[in-house]
Structure formats: structure tokens, C-alpha cells
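What follows is a pair of complexes built around chain A, which joins chain B in one and chain C in the other.
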Partner chain A sequence: MIPRDEPFYFKSNSRRLFGTWQGTDGPARATLLFCHPFGEEKKSSHRAFVETARALAAESVASLRFDLTGCGDSEGEFDQASLTFWRADIAAAWGELSRRAGAASRALLGLRLGATLAADALDQLERVSALVLWQPIVEGKEELDAELRRLLIQEMMTHGRSSAERSDLMAAFERGERELELDGYPITLSLYRETGALRLAERRACFPQRTGILQFARRNPRIEAFAKLEPPIEARVVEMPPIWARTDYITGPADGRRLAQEGVLPWLT
Partner chain B sequence: MADLKPERPVSFDCDRLRLAGMLGEPTDPARAAGAVALIHGWAGYRIGPHRMFVHAARRLNEAGFHTLRFDLRGRGDSEGDGPTVGLDEMIADAVAAAEFLKSTTGASRIVLAGLCSGANVAIGAATLRHDVKELALWSVLPFQPEAGAAQRARRARHYLRQYLLKALQWRSWKRLLRGESSLRGAARAMAGEAVPMREGRNLKDSARNLMEAFGAWRGRALFITGALDPEGMAGREVFEPFCRARKIPARFQLVEGATHSYYAPAHEREVIETTLDWLQTKEP
Partner chain C sequence: MPDKSIEQTVKELMVERLFLKITPEQIGDETEIMEELGVDSVSVFEIVVGLEETFGISFGDDEFKIETFRTPKSIADYVRRKLEGKQG
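What follows is the complex of A and B.
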């Protein structure tokens, strides 16, 4: 029988982070650290992580889910966060995973920006046996541009007009004349710049030999091109809706089993 | 002011399922004012949209309230099979949460606060517990039998107006041509999302007549609605005359410029502060 998960707090520097350890019945053959995506994508995908962790536990894979600073149940506010904090958080969570892993191997999984951040933190982590990237953000700048387009479309849908053109909005944000919020999460200029500078290809040299990519619903040209860089990375597609984007989609145990079987286990074993 | 005490993870059972939550304590126990359970919407979990429930709990703790943010079954970290869970099971969870909150904190004043479907769950749970005399209802929806044609028409009118405005702008057509927007998405927005079903039953509906039960409930309620939320406004259109007719003491508050989930930080703050102000007064 799969043991119930164990919520707890741990420290990243002076910050209290919330984590949940999903143990196994008997010794684990592998362990996995989940890194969540950004803003509302975290809320939408939370249950998918929970169901995947439970399905993995049935396959003797223990795991740790945790919330970055200013996210979920962890301390702090989003507008106090930075990529520097979040890299340190991933390293602290990796320490927690390692402490509990015993002799089992340790793997890292991230979704969307969580995947890119996980890859970005690799040089701070010891003995990463596998890296699993779910729909990673390949270029931070492109992603932010897409988010801004979505924000302006949302504004138009709600108010019948956008408050500004994208270029004007960004210019005012850069000058400190207006704030930027994405789905209720305030974005600081430094976080915007740090995220915009993220390029997954630059971390490629740190990737472990066992690295895999999972895409949702269909192949994404940008991710496919990244996967084909030398040495190529196996990129699979799971026929599921984008779990981070659907606020009305509820993930159940069958989805968790599928994500574990198609999106994690192929790269752990 | 004393430092904010961190919330602690807790769990409690309902129908042999373990539900997960976070229990918050008053910063100053000498000012203990009661206990508030926060109930999330259909597909959310205990943090709420843009962590609104985390912020609300911290603010309520500062003001002397115990808080419980919890995951309904099949959501967040709770046990259960999410896609099969309906409104009545969610109401049972909220009843169990109120009992857990009361027995754990010893508070005699139990308030239920909910967002979107969570507000409907709060109403359903209050009608089953005599000790719940206060309801804070954020963006409450009409119950399914009352929703009907009026809500669909309001929603369709709202989105049709927005799309007509967009159609007058050249950049909308450019976006459409570039594939950044779609006609299918527009049609879906106007029609509304499909109703979740299980074995022929609408999961968002109850086996009970919840409006009738609410009409017999004795307590006071705060309704907060975003002025730009067509679904929330449909809820207000149903509940405002109903409360008047049934003599339920109720305050109806509109948040100007706000959408369904109060995405702007200023709107979120207004919802939280309005709720706190209402909790600290005896007026409807």
C-alpha cells in the first residue's frame, strides 16, 4: 500500500519552503524532485503533479514536490522573488531529496518555467541521474512576449480595449512608470529581465545523459528544434490537454498513471 | 504587532477520504475573533487564484481569526478522484472542514468563505450546520436550476459585445490572421464551458434544492462581485432579490473593474479588506 504523503517545511537560506514527500511501500528504487511552473500555471498543474507522484509511488519511485519562494504555501511574496532565490530553493529542495533518498538514484523534473529553472540549477546539484523536461520554455524572452500578448488580448476581452500597445507597455514598464501583472502575479523588472535572459540551450552542457522531453497534445516546433541539437534528446508527446493552461481541467488518477508511464518512467529506468 | 505565525499542514477525514489543509492561528491569541474556512472553486486548490487565499488567511490571522484553507476531495493534495466529484460531495467536505475547524480551535464562531463554486459549496454547507451563521460569498454563481437561460444569455451578450468591439479593430484581424486568436475560442466563450457529467448527473448540480434550503437558513451573508464578471453578476441578479424576499440579512458589494477571480492585486485587496470589515461589524 502506498503511504500517505507527508507535508513539511524546510529552509532555503532563511526562507521557509513548503514541501510534500511522497514515500513508497518499501525501499524506493529511484527518487524525483518536481519543479513547478510560474504563476497561475502552478495552480492549474498542481493536481497533475500530485497524481503523478502517487502513480510513481506505486512504481517504487519516491518524490518531493515543493513550492518556490513566494509561490504556493511557501513563505514570501511573488514580487520579492528572483531567479537567484529560486535557484537556491531548488538546491535546498535537492538537499532534502538527497537526505531522504538513501541509496536510490535522484532525478529532476520540471514543467514549463520549472523545467527551464531546473536545467538552470543543474550546476548546483550533485548526482542528478536523469532530467525530465515537461514542455520546457526554450527561450525566456519569447515566452514573456507571448504572455504579454495574452495579457493584452485578455484586457481587450474584458474592457473592450487594451490599455496600450505591447511596445508602449514595455517601455513604460522599463521606465518604472507602470506595473506589470500576469494573472494577478506582480512581475518586477529584475524578474522580468532575469526570465527574459533564460536560454535552455546554454545549459545543455550540464544535462545528464538521461534527459527526456515531454510535450503535451502536439509537437511544439521550438521544443523540437531544441531537442534535435547535438546530442539529440528524446522528445515524446502525450495526448493530453496542456495541464498548466486549463483552469477547468481536473486531473484524475488515470491521468497520473499516464503521465508517470509516458512522461517519467521511460527516463528513470 | 507580533510576528505572523506560520500556518501548519493538517488533515481531516470525510467519507473515508483524507483531506489536506493549512491551519492558521491568530497572531495574537488574546484577540481571538472566530474561525474562517476558505473554500476554493471548481478546479482550484487551497491557495486560490493568484494565492488569494494565502493572502486572505494571513490577513485574517493578523485580525484575530483562525483560518483553514483546505483542498476539496480530488483537488490539491486531498484524496479522491477529481473528475468524478460533484457539488454534493464538495458540500460534505466543507461540512467536515467546519467541524474540524471548530473542534481544533474551540471557536464557537465559524464563518465559511468561498470563491466561485466554493461560494455555492459554502451555502450548501451552511444549510447543514446550525453553527454557521455567517457566509462570505465571493463571485457566487447561480445554482444550476436557477442558472438556466438568463445566465447563458447574459454571458453571450457580454462576450458578443466584446467581440464586436474587437471586430472593429484592424489589429484584431491581424491577430486572427497570425493565428494568435481563434473563432472557435470566441464561440466557446459565448456558449460557456460544457457541464461536467457523471452517469447522467450534472456534477455541478445538487440532489437537494439548495435555494430553498438557503431560504430557510438563519444567518447573515456578504456577497462580493466583480463588476466585469458576467457569471458573478448573474449570481447577484438571482441572490439579491432572493435574500430580500426571504429576509436574509445580506450586504451586496461590487468591486469596480474586477473580473471573476479578482486578478488585479488592488481588487484582491478590496475583496479581502471588505470581508474583514464585514466580519468586524455586526451589520448585514
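What follows is the complex of A and C.
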């Protein structure tokens, strides 16, 4: 019988962050820190994270889920957050994981932008035994460009057609005439620029030997190309709808066991 | 590529990328995809990315028009125009 998960608060500098520890029945053989994606993607994937943590606990893998500054139940406002805060948050959460891990190994997992952020924070983390990237954002700039296209499409759905180009939108953002958003949540121009500068390839030298990539349902050409860079990273595909973009995340099927078996355990010792 | 297969490819792409619980054959050329299949802005984005990857075309920022995404046929017509433009 796996123990109930344990909600608690911990500090990242002066900020209170919300975490949930999923322990194991008996000593854990490994531990895992989850890094969440942002905006609606965080909401959509929450249940999958919880279920995966429970399925892992049944395999003697304890885990910590937490909310970054300005997200979920942690302190701060999303529109005042920065990558500097979030890097520090991941380091603080890693400290919490390490404190509870004992002799068990410690692994790091992130989804979408959470995966990219996890990789970005690697140089601040000690003894990372494995890194698991679920559908990582390879280039921050591309993701933000996609975000601008989503805005154009939303405009089309409302008004029948898009009335501007991406360059116009960016100019309006720069002039402060329009609010910047990341998956529906307002962000600062500086965070937008910081996120746009993220490049997963630049962190590759920090990756632990045991690194894996999980893609959902279909192969993403950019992720595939990234995985093939030397030294190649094992990339698996799990045949299920993207957990960060599901509308049935409350009523839909439970995927935790499958995600644990196919998307985490292959890369843990 | 024959015209008919563009419609069929669009339907297959929609079923696959939007995880629709129907077969491509159950979608008509004139099916109103927003009203009848519940396609929303998130789904349109998926369709756009799928069309670009499948047909090697690129949507311009000024080409997002609601009439393009009304039915599989209207999407296929857009793809045809883009492919003809590439060839020309």
C-alpha cells in the first residue's frame, strides 16, 4: 500500500513554494523531481503527474511535485516571474528532494517548457542520476513564435480573420500596447525574451549519461533531430494523446501506470 | 497529388492530430468542422502545423481566415492553391 502524498511548503529564497511528496511503502530505490509546464498545459497535465507519481511509488520510486513561483499554490504572481526565480526554485526543490532521498538515486523529469527549464537548471544541481524530458521545447523562440500564431488563430476565430502579423504583435508588445501571454497567462516582456533565448542544445554538455526523451503520439521532427545529435539520446514514443493539451483530463482515462512504465522507469536505475 | 487525396489526407490528419473518435470516412468533404466536430482554436493550430508538415506549405500570418477552416474541402482548396503557387 503506497502512503498518501504529503503536501508541504518550502522556501526558495524568500518565496514559499508548494510541494507534494509522494513517498513509498518502505525504502525508495530512486527519487524523482517533476518540473511542470506552464499555463493551461500545467492544468491539463496535473492529473497525469499525480497518477504517474503514484504508479512510481508502487515501484519504490518516491517523488516530489512542486509549483514554481507564480504558479499553482506557490507564492508570487505569474506576470512577475522570471527564469532566474524558476532556476532558483528548481534548485530549492532539488534540495528538498535530496534531503528526503537518503541513499536513493535522484532523477529529474520535466514536461514541455518544464523539461527545458529542468535542463537549464542542471548546472545548479548535484548528483543528477537521470534526466527525463517529456516532449521538451527544443528552442524557446519557436515555442513563442507558435504562441503568436495561436494568438492570430484566436483572433481569426473571434473576428473571422487575423488582422495583424506576428511582427506587428511583437511591436505592440514592445510598446506596451498589448499584453504578452504564455499559453493564456500574461507575462513580462523580459520573461518573454528570456524564454525565447532558451536553447536545449546549449545545455547538452550538462546532461547526465542516463538521459531520455519521451514523445507523445507522434514524432516531432525538431525533437528527433535534437535526440540524434552526438551523443544520441534515446527517444521513445508513447501512443497516447498529449497530456498537456487534453480537454478530458478530469474524466479521461488514467495513464499514470503507462507513463511510469514507458516514460520514466526505463531511464531510472 | 490528385485533388481527391488532399481532402482525404486532410481528414486523416484531423482524426490523427485531434484524436477524434471517428474514422476519416465519417467526415464529409463539406462537414462544418467547427460546428460538427468541435474544432476550436487549439485544434486549428494543430491542423495548421499538420498541413505544413504534410504538404510542405507555410501559412502566412495574413492567411488565417475563418472560411479556410470551415470544411475539409475549404482546407483542401487552400492547400491546392498553395501547392500551385509553389509550382508556379
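We adopt the following convention: the second predicted complex is superposed on the first by the 256 of 269 C-alpha atoms of A that agree within 3 Å, B and C clash if a C-alpha of one lies under 4 Å from a C-alpha of the other, contacts with A are read in each partner's own complex, and residues count from 1 in each chain.
As a convention for this text, contacts are C-beta pairs under 8 Å (C-beta built on N, C-alpha and C of every residue); 3 or more make two chains touch, one makes a residue touch a chain.
These figures come from a predicted structure and were not determined experimentally.
Contacts of A:184 after superposition on the shared chain: chain B is touched, whereas chain C is not.
Once the two complexes are laid over each other on the shared chain, residue contacts for A:175 go to neither chain B nor chain C. Between chain B and chain C, the partner in contact with more residues of chain A is B. By the document's definition of touching, of the two partners only chain B reaches A:4; chain C does not. Using the contact criterion defined above for the overlaid structures, shared-chain residue A:245 touches chain C, although it does not reach chain B. Once the two complexes are laid over each other on the shared chain, residue contacts for A:166 go to chain C alone; chain B is not touched. Contacts of A:155 after superposition: chain C is touched, whereas chain B is not reached. Of the two partner chains, chain C is the only one that A:221 touches; chain B does not reach it. Contacts of A:72 after superposition: chain B is touched, whereas chain C is not reached. For the contact definition in use here, the residues of chain A common to its chain B contact set and its chain C contact set are 149, 153, 156-157, 160-161.
For chain A in complex with chain B, the touching residues are 4-5, 7-9, 16, 18, 20, 39-40, 43-44, 46-47, 50, 71-73, 75, 78, 149, 153, 156-161, 181, 183-186, 246-253. Chain B meets chain A in the complex at residues 6-7, 9, 18, 20, 22, 42-52, 54, 74-77, 81-85, 159, 161-162, 165-166, 172, 175, 180-181, 189, 193, 228, 259, 261-265, 268. Those residues of chain C whose C-beta lies close enough to touch chain A in the complex are 16-17, 19, 40-42, 44-45, 48, 53, 59, 61-62, 64-67, 69. Residues 146, 149-150, 152-157, 160-162, 164-166, 217-218, 221, 241, 245 of chain A touch chain C in their complex.
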